[in-house]
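The structure appears below as structure tokens.
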């Protein structure tokens, strides 16, 4: 076997890893869309906000310090204490739950039974709001997020695969962070599935997802459900935020990872949790392999962004409802 | 039983003395399947010019499927559809509409975002011919066309007595009126053949009477050929000239209301069992 | 008591059909035109042109375009930025290739080219619907931007991939390039806006518009009553892209003067115009203007108030702008889900009944 | 809408209030958006220096300096808005800190007669003063940067890099593409193999590029990055254990926040720079005394001494010095934009002067001329020491290869002149 082949395999594996990272973001979209039919444009910003909050709490930043300083001419930035990662994460989860509660109370409550486009629009407003609010609260400078997840090429994997490709082959490169992300994603999905299968709330969620009216008629409170769903989505956003944040630091661009999730959604279907995972993997592998085989050598590279979408597009033309979406039956 | 090969039949005179023309549409041995399910099994019948033809049968008998076959929404696996003396190739619904077949729908399919007027105007779309460019310019050709079609539509509005709701968005109208607007939209196309899918479904007695009146008026004022579906026999028997009876996708009777009512098979399969 | 339709009888269908059935609206509209053409050009300065009016007018065109696609034909699209880029680069290539031809022609042709591209990317709309389509159009967005960034021919092999608009004039008056007068920029945009709005209005009130709306409201029924869905959707994509292309061309030539595809026509453009459409109101020409005004003017206004007026640090006020815009969007939706246009309509209804609400 | 316009008119009036007896320096900053991390320190430095002059010397030549900050968020459209809203207030020189906005302002400033200073960014060929009368990009530009990077490689390889493999990781935008032509020329000249790896904005996902680097094993990697792309690239380089001392960034890829996230492993990473680093200069004592302690520091005041802060400071210093020159030439304290332009064109920075200013050896000493708006194009190499958390200069300010760059500048600027039918200025 030539080194070229193993390079291909390596790219493939890294594609899978990247795919998992995309899935983490897509998951949040799916949860909310499934339970409330809302296409939550704010998902990316939620991830950013969660990560910012986490870092802020962990490093003991003073919220709104910049605003305070600007208005009172003070110079306070930090409380001077640092929280252990887990405590900070826990507190952040609480914040996200509070956020979900407020969203329901201040926004969704007033928009029940509106067309999807309107709700979509509302989430856009929400995104705007959170972006500004997050920056006001924690400042727009770049922050280092460190909850103790190791990163860097995984030496063990490299050493145990180096023999494959001859002497100019170092062995497969896999980022430890990505491996951990993959594990986390699997655990996350498993828990979500178990949760929706075996808990009362979970079943309620599924009921609502299947049929709002019916669910209401059997006395499930849509509002509680929404709070729960948005809380879970907030939690997922936090996880995604942590993973991406430890990769690239916490800053504005973190909110753009939402764009990476959209082709995944197209492929996997807006309503399928497994779809989000499988779709993510397909997109990840697809774009990486295309870049490796065609993009970089022949097209001058940087093809990943559009290829992900073109891939999803071609796929949809043949299967309009996505990978796991319900079949669309047209009748008069 | 219907073994006509080419459609050159003379018309007949109804007992109320109307002259019915020759065959305008003929279905030959239509069979329609969805996967394993057989919705329509080897059904043949014809529709004469100017008559009111009813297709009746209990729910799930395949009536709507038959209508959808006629309007080109479903494509039968076997059988032929003849229209205007020619065998119809497989067509898209909008092409069928272009041939002069208009219809209404069982559960109303109006354009909720538009006013009554605009909804009925859409019925004229098959007849509006100005190109997009002159429409963009509007002055002259497009405006003139718009106006003459508007005039036609206003006639229909008057005929259906819905002047008052001209500018109302159809979403806000009560059920009965919506049905009427939908009929108006179909009429606006001045169809050779008008298909009505359960025009009286879910109506109270006087709404039904109004609707029957409109159907009869349409038939003798515009001389429109009408094929309608109903599962409620009462009304149908009064207004239709000939009736096809379907049950479980098979044709079990065909003829004048009197003949059909006399047909034992029909009585067993249909009247025997109680339907709403 | 002015605002009445009573006593304003229509004696012909044409009259009944006109854009502003109510006298008062009609006069208000004429007045607006007179001011826009007769007054503003004489009082406008660089700041008002470049910071407020020109972008507003250009985005109004783009918004009308997208509104035709989304608001009238019900086809969700996020490819706007990419299509604007097509218009911009087409106009650039034309301007540099045929300097002698009038820029007006170039901009129109650029619109035409964009229409063709739009049709090509509109084809999937036959199979793909709703949000799936929206995401699918992102493929167009990203691919086009990549293409214009990648292929040097599009930017005449300039070292950096930047394109800058050479000086061009209409009737001897500069409309592009460094030495352009504020009023000239404003006028050319205004002319295009009025023309586009007028065309859009005509298309949407006639047969074509009804086809689009029929597809939007219930595509199956539409097909059965005789609307060819392929044709309806593709014409919508074509017309929409034509306007968007013109907007892109103007944005580059008249407004920015220099552009870099990724920055000027990136995904954020697509979203911006989409916001304008939805905030303004789906399926409303007036809404398109309102939406564009909202998204263009509000930030400028807020900035001037917060920084200029209250002397806040620029970053704090920038963050506050986001907060306020977001809050306002949500507030509007809760108040009136169908956009500023609907809000306006409701207000007029009230006014019509005033002072007797019952 | 009418009402909105009315309120706007009002606030626009407020924005356009005329500024009297002040030297106005607009600062088109971006403290928000994808590149905020880079925009904030630069803007702070730029503002603080003028605050210092006002507090310590009562302004420049007795006239107070006023920094008009306007948030662009790195968006060209906001840039235009900022330009239009500030130019009416007697703006002396623009410093947009964005290649995109620069390209857009070049024709505008030329028409309005206001100088534009794009220090180490913007349109490289603007160095040709014959064509670009109002644009200055001294002391160094991208192409100098590219050449300086290669020169450094030559130094560490004893003058021979024939057959070496050099990869360029660049931001897939106008900014990122700038060095390519130059590097290709240099590759011909020195016989090294150049491979290009584009990274799309914002650049959070660079797996493919770095896997490719890991496969192709280039001897050196150059980077033209900005924003999040920088720290991701450095992190990825660390991840694949690429030898950091062979990884060299342009001056926009060499700030603390670019290397800090990667931790200790980032030690050895190099970046080109055209000014000195650290806060070990007398001027910083004054800044502490007159700006920080008086609570007048811009922003959060936590950036002082960082690389980009110093760059802002340096830019402000050059602007201030040009102003002095202009005052001297025009003989009046309250100068106009036109005077400022002449001042910039006659600007001369000497070691003595920088020492006077408390910034000894802070940058190169150079002289601007009518024909050369680009300065000397000299620069140095800085290296990151993660343990000490600080950058150190590891070379002097050396020259770049003008024999290669000058023709390119000529070519590109002439093309621009032709495209916009500009008549060349006579510089003799």
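First chain written, first letter: the chains are A, B, C and D, and each begins at residue 1.
We adopt the following convention: a residue touches a chain if its C-beta (ideal position, glycine included) is under 8 Å from a C-beta of that chain, and two chains touch if they have at least 3 such contacts.
These numbers come from a predicted model, not from an experiment.
Q: Could you tell me which chains are in contact with chain A and with chain B alike?
A: Correct list: C.
Q: Which chain's mean C-alpha position is the greatest distance from chain C's?
A: Most distant chain from chain C: B.
Q: For the chain pairs B-C and C-D, which is connected through the larger number of C-beta pairs in contact?
A: It is C-D, judged by the count of C-beta pairs in contact.
Q: Specify the chain with the shortest distance from its C-alpha centroid to the centroid of every protein C-alpha atom present.
A: C
Q: Counting in whole Å, what is the centre-to-centre distance of chain B and chain D, each centre being its mean C-alpha position?
A: 75
Q: Averaging only over C-alpha atoms, locate the centres of chain C and chain D and give their separation in whole Å.
A: About 36 Å separates the centre of chain C from that of chain D.
Q: How many angstrom between the C-alpha centroids of chain C and chain B?
A: Centre-to-centre distance between chain B and chain C: 43 Å.
Q: From the mean C-alpha coordinate of chain A to that of chain C, what's the distance rounded to whole Å?
A: The mean C-alpha positions of chain A and chain C differ by 32 Å.
Q: List, in ascending order, every residue of chain D touching at least 2 other chains.
A: Only 31-32, 36, 40, 172, 200 qualify.
Q: Among the residues of chain B, pick out those that touch two or more other chains and give their numbers.
A: 73, 105, 109
Q: For chain C, give me the residues that contact two or more of the other chains.
A: Chain C, residues with two or more chain partners: 146, 220-221, 224, 313, 315, 318-319.
Q: Contact residues on chain A for chain D in the complex?
A: Residue positions touching the partner: 7, 10-11, 14, 17-18, 65-66, 69, 73, 75, 77, 135, 139-142, 144, 151-153, 168, 170, 173, 175, 244, 247-249, 251-254, 256-257, 260, 288, 291-292, 295-296, 300-302, 304-305.
Q: Under the touch definition given earlier, write down the residues of chain D that touch chain A in their complex.
A: Against chain A, the touching part of chain D is residues 31-34, 36-37, 40, 172, 196-200, 202-205, 207-209, 211-212, 214-215, 217, 227-228, 231-232, 235, 238-241, 257, 260-261, 265, 295, 300-302.
Q: Can you name the residues of chain B that touch chain C in the complex?
A: 71-73, 92-94, 96-98, 102-103, 105, 109-114, 118, 121-126, 128, 130, 132, 135-138, 142-143, 145-147, 150-151, 154, 185-186, 189
Q: For the complex, which residues does chain C have touching chain D?
A: Residues 46-52, 55, 96, 146, 149, 158-162, 164, 166-167, 177-179, 255-260, 262-264, 266, 289-290, 293, 297-298, 300-301, 303-305, 307-309, 313-315, 317-319 of chain C touch chain D in their complex.
Q: Under the touch definition given earlier, write down the residues of chain A that touch chain C in their complex.
A: Residues 39, 66-67, 70, 106-107, 110-111, 114-118, 120-122, 124-133, 135-136, 140, 259, 262-263, 265-266, 270, 299-300, 302-303, 305-306, 309-310, 312-313, 316-317, 320, 322, 328, 330-332.
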